[in-house]
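As structure tokens, here come the structures.
Presented sequentially are two complexes of chain A, the first with chain B as partner and the second with chain C.
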Partner chain A sequence: MIVALVAVAGVTLGTLGLGTWGMRFARTTSDLLVASRLVTPWWNAAAISGEYLSAASFLGIAGLEMQIGASALWQSLGFTAGYLALLLFVAAPLRRYGSYTIPDFAEARLHSPTLRLVAAAIVLVIAGFYLVPQLKGAGLALNVVIGSPYWVGVVVVAVIVAVNVALGGMRGITFVQAFQFWIKVFAIAVPAILLLIHFGGLPERAALFGRSLPHAGSRGLTVRLGSRQRAQFPQAGSFIVHGQTVHVRAGGWVSLPAHTPISIPPGGVVPVAAGTPALTGARWSRPVGGTGQGAPVLVYSLLIATFLGTMGLPHVLVRFYTNPDGYAARRTTVRVLGLLSLFYLFPAIYGALGRVLAPQLYITGQTDDVVLSLPRIAWPGAGGTILTAVTCAGAFAAFLSTSSGLLVSLAGTFSHDVWPRLARGRPQGASLRRLHFRLAALGAVVIPALVALVAQGVDIAILVGWAFALAASSFCPMFLLGIWWTRLTARGAAWGMVAGMLVATGMIFAGLALGEPTGGALALLEQPAIVSVPVAFATMIGISLVDPLRVSDVEQQMLALHAPEGLGLRLDDEERAQLLA
Partner chain B sequence: MLCCQSVGFLIGVVVGLAIAASAVAALRLLRPPRVVSDEVRGLQTALHAANGMLPDLRRGLSEDSARKVTGHLLTLTQASAVALGDKRRVLAFDGLGHDHHHAGDELIKITAPAREDRLHVESRLACEHPDCPLGPVIAAPLLVAGELVGSFVALYARGRRITPNDTRTAAEAASLVSAQLELNAMDEQAERLARAELRALRAQISPHFIYNALAAIAGYIHSNPDEARDLLTEFAEFTRYAFRSQRPYVTLADELGYVEKYLRLERARFGERLQVRLQVEPEVLPVVVPVLSLQPLVENAVRHGVERRGFGRIEIVGRHLDHDVELRVTDDGVGMDAERAATVLAGQGGGVGIANVQARLQAIFGPGYGLELRSEPGHGTTVTMTLPKFRAGVRAA
Partner chain C sequence: MSPSVPGRRRIVRRGLRTPREELADATAHGHVYLRGLQRQQLTLSLLALVTFGAIFGVLPLALYLVPAFARLELFGVPLGLWIVVVPMLPGFVLIGWIYQRRADAADEAFRELVER
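Then we have the complex of A and B:
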């Protein structure tokens, strides 16, 4: 896999180099008017999309689709639709307000330094949760590229990102992130299109839409496992190992040896790892229904989490700051919707092709690998090798850009929101703040990396789903009510966010502790947004209504949020008195 | 797939939490142990209450701030009820009898109007409500700079006798509130001072520069009338920006546009002898700064780095660093020694413009932000300005 290694190394060095030397992208010379140097909505939109498209988008959706079928595609729908919510309710007012981070907004809107601390703590939790799947993706990807153990990839990417952020290499420069977006689109689109051309469309439609279970192709299937693997035959089938044919009845468990060629005869059914459902094509291709992830209540819960959670992602929101005004922020968001829609066409293709062409991934259960290894498996020879190198490089671009953005958010929250509160009274110069930022960047990566090491078995898409659920049940109500409701109070916002967080994390951990409950209300533990978001809203509204401590200058705040810029609209004291009367 | 690895995942989370918890525990252990006596605890409660009032009272005396501090005053004075009033009305009431005593009542219903010079004690509250549980009243004046602004009223349950201790406590509480209100008045004064400084800056930057700019334009009138007309337009826009009042904050994009106009006028005078490099990341442009905060730095660089030698090179670099931005203005002029550099920011020894900028930046953004000056004789001067990307209440008009 020399080609892939070179491609990954190239992308990594390119990313680091661009981050470090990206200064040159800042256009210079003094003859230009400064105004024309503002970033255009297209650049901004590409940068937002570049920062946003993470391991979940690049690997997770296709992997989950291959495993549980078309209902996984609700994720890509929700990931995109989240920007619609942002466009409708948040983007323009927030930009007019001028705040940079979420704690900035929370403190300024409700005049509460305590609320800033609460918001900062939630930023830490969400960004930490979101960092785990990025590192998990890195572990998988490096395993595909050089066959290294899972932990190597996690540690390598964690160290690269932490050191790079600490050295100030990844300052979230708009042009660099925009460039990253196009790398990712290229890396996922080109192999998908070439594979479709190579096979002349989707092959073996019966496996996708018919009654058959995942099965070996017309030339049979030969795999070599990295470790001993238990798997279950969903139908009666057979396999050949050491020259002997073993017949297995339907539902029978087998233990497959490692490092030995195992063959499944042409058309034979493929055994699946524990936890991986074996679905017929008809079930697989149905987006809603059944008791699994396609159950309507889970789909709605997922849509709520993603639709409302996007606006609460700390590393995405700071990107809107670069827009010169609210109008530009809205134009940028519309372009983001377009760019993301373009990108999300392609993961679906990998999931579908993977089910037909790479059924061996069902044996190990590592369907998250499908984007990385599909080209190599499906198209033996130089063509597949090069395409796998391309998707691996794209995946690395995804990990690096998203985890850098997240780590910058984590470290910035430590050095700007948490530390100054802890160290009140001590000197706080600009250079000291930089030092704290660097130390925080190095320290903040440790816990997510440890969690990623033990979370190898949890699907990337599910891990990311939790980060969205947490954001939807904490920051989303704070933004929607803070921007559109005059009666919100600091106490209401704080308790609402805390309640949403507690319910969401409680449900997630309860779900983990109980194993994987399926069916009935317990299945919601895996997808808590449909419960936790209403709880957060209700708490926020209820406590605000009984709280006597209203925000004193709320009309001023509403003007700052909603009045178009450039009109210079501000209330003077007399007008305020009239409004209040 | 989820279930078989979920235990491992849980373990990871537990390990992570354990590490965080042990870090906190270690920090705690490193601190000296705390033994708290009753007396100290009482003192701590009092200090805590006093401290809790501070941020609210710093915003001045209003219904809003009064309502937030009455709870603290109740713990501080141990009275049955407390009220804060302005000169006429009750702003907030807390404690016994709050069912029929409200904010907005006439103060006279509780107590006679406070006098500037002394405490007022009444042995019985003249309340018309039949079930009013309150009896004795102490009213203390709130004074800011010797002037009466309101009253602090401590009320006690019916039948209780007022001791000298009670009056002393009430007086002390009132003077604590007064002191904190005084701080608010000082804040307002500092703000007024900053505004006055801005006016002074607007008046001050110009004469020297205006003379030179006009002289340079005059030089073009015959040789290149078109250029002269353009320059005059720039000059008009320049002065409009500088003198337009009621705009305390602008975006850095606006301020940089102003700097560009300024440099264009200076280049009319120096021509190719003045080299300028402007390298600003676009992420820096939406940052909100006080008006006329960057231009004085550039003007200083021109005056000290270029004018004396007749040629020179000026560099303006803007970078964004996570939550902050940093602007650097560098010249390659004669520079200065460390001693002098230290005094420039303080406003001694020339450089009034820079000291003014520094004072305004620190007044708005706090001590962690503002200017830093680095210079060596013969190696030019660099002024670095650090700003936060957002500060509540600081908004470009």
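Then we have the complex of A and C:
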């Protein structure tokens, strides 16, 4: 896989190099503000999309689609629709308000340093949760590229990103992120289109939409496992190991040995790893109701989490301040909708092709790999090798851009919001703050990396779903009520966010403790937003209404949020930058 | 140029104060102007949200309740799959674009009112 290794190394070095080079031109906040006047909405939109498209979008959706069927595709709809919610309720007012981070906004809008600390703690949790699946993706990808154990990829990418962020590279550079977006679109679209052309459309319609279970192709298939694996035959079938044919009855479990070729005869049904459902094509292709995770209430819960959670992702919001004004923020967001819709046309193709062309991933249970290994498995020879190199490079672009953005948010929150409170009033120089940022960047990657090592068995898409559910249950109500409702108080916002977080995390961990529950209401534990979001809103509104401590200057706050620019009614960015300088 | 000049001008123009002055001084009138803009923008956003919900929000339920609808085929692929993957491209962008134009227009109208 030397081709893939070269492609991955090229993307990695190119990204890091461009980022470091670009930093020379944007040293200070006011430099960034001035530069932002030159950035058109299209560039900004590509940059936002570039930072947003993570391992979950690049690998997770296709992997989950292959595993549980078309109901996984609601993820891509929700990931895009989240920007519509952002456009309708948040983009322009937040840009006009001019706070640069979520804790900044929380403190300025409601005059509460305590609220800033609560918001900062939630930023740490959400960004940490979101970082885990990126590192998990890196472990899988490096395994496909050079066959290294899972933990090697996790550690390598964690170290690269931490060192790079600590050294100050790749911080909020619009052009680098925009470039990353187009790399990702190219890397997911070109192999998908070429594979469709190569196979003349979607092959094996019976396995995709008909009665067939996943089965071996007309030449059979041979797989070599990295570790001993338990798998179940959904129908009576057979496999060949050490030259002997083993027949298995329907529903029978087998223990497949490692490091030895295991063959499935031509057209034979493949055994599926524990935790992977064996579905007929008809059930697999149903967007709702085909499987446990396709139950309507779970689909709606996921849509709520993604629709409302996008506005609460810390690394996404920062990027909106490169828009020169509220009008541009709206225009940029509309373009983001278009660019993301373009990208999300393609993951679905990998999931479908993977089901018929790479059924061995059902045996290993590694459906999360499908985008990376499908071209190589389905198209032996140079064509497949090159296309796998392309998708691997795109995946690395996704890990690097998203995890850098997240780590900058983590380290920034720690050094800017949390540490000064812990240090209690001791004066801090700029160089000391920069040191804290660097230490925080190195430290903040440790816990997510450890969690990623433990979470090898959890699907990427589910991990990311949790980060969205947390954001939707905490920051979304704070933004929506803070921007549009004059009666919100600091106490109401704090308790609402805490309540939403507690309910959401409580449900997620209860679900983990019970093992993956599949039936009935318990399945909601994996997809908590439909419960936790209303709880957060109700708590925030209820406590604000009984709270005697109202915000004193609420008229000025509303003016800052909603009045258009250029009326001379409030500080513009340049005046603000002059005040800060 | 005595420091009392701005104050005197203000007294002279009492009764003819512009919306800008009302807003800048956070008077009751300014409050009404701003609340009008805010309500207009919120109505617009909610309208777009309802449109979105009516089109995309009912999709999962419709596909669940009427499986035969999802089974219809288009170019050999079930309609259910097409619906989940493709229509967001034109649908989301169109709703977003129309909203953006209306919201910008509302801001502009407010700006003209204030700068009058």
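Just so it is clear, the second predicted complex is superposed on the first by the 551 of 581 C-alpha atoms of A that agree within 3 Å, B and C clash if a C-alpha of one lies under 4 Å from a C-alpha of the other, contacts with A are read in each partner's own complex, and residues count from 1 in each chain.
Quick note on the criterion: a residue touches a chain if its C-beta (ideal position, glycine included) is under 8 Å from a C-beta of that chain, and two chains touch if they have at least 3 such contacts.
This one's a predicted model, so the numbers in the text were calculated from it and none came from an experiment.
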Superposed model, chain A: greater residue contact from chain B or chain C: B
Chain B versus chain C as contact partner of A:Ile462, first or second or both or neither: first
Touched partner set for A:Arg433, first chain B, second chain C, both or neither: first
Touched partner set for A:Gly412, first chain B, second chain C, both or neither: first
Partner chain in contact with A:Gln360 - chain B first, chain C second, else both or neither: neither
Contacts of A:Asn164 with chain B and chain C, given as first, second, both or neither: neither
Common interface residues of chain A - those touching chain B in one complex and chain C in the other: 568
Chain A to chain C touching residues, read off their complex: 70, 73-74, 76-77, 80-81, 83-85, 87-89, 92, 201-202, 205, 209, 285-289, 296, 299-300, 303, 326-327, 330-331, 333-334, 337-338, 341-342, 344-345, 348, 484, 555-556, 558-559, 562-564, 566-569
Footprint of chain A on chain B - complex, ascending: 1-6, 8-13, 15-16, 19-20, 55, 62, 64, 67-68, 251, 253, 256-257, 260, 263, 276-283, 285-286, 288, 319-324, 326, 367-369, 372, 384, 386, 388-390, 392-393, 395-397
Residues of chain C that touch chain A when the two form their complex: 20, 23-24, 26, 30-31, 34-35, 37-38, 41-42, 45, 48-49, 52, 56-57, 60-61, 63-64, 67, 70, 76-78, 80-81, 83-86, 88-89, 92-93, 95-97, 99-100, 103-104, 107-108, 110-111, 114-115
Residues of chain A defined as touching chain B within the complex: 23, 26-30, 33-35, 37-39, 67, 98-101, 104, 107-108, 111, 113, 168, 171-174, 273-276, 321-324, 365, 408, 411-412, 415-416, 420, 427-430, 433-434, 437, 446-447, 450-459, 462, 509, 512-513, 515-516, 526, 548-550, 552, 560, 568, 570
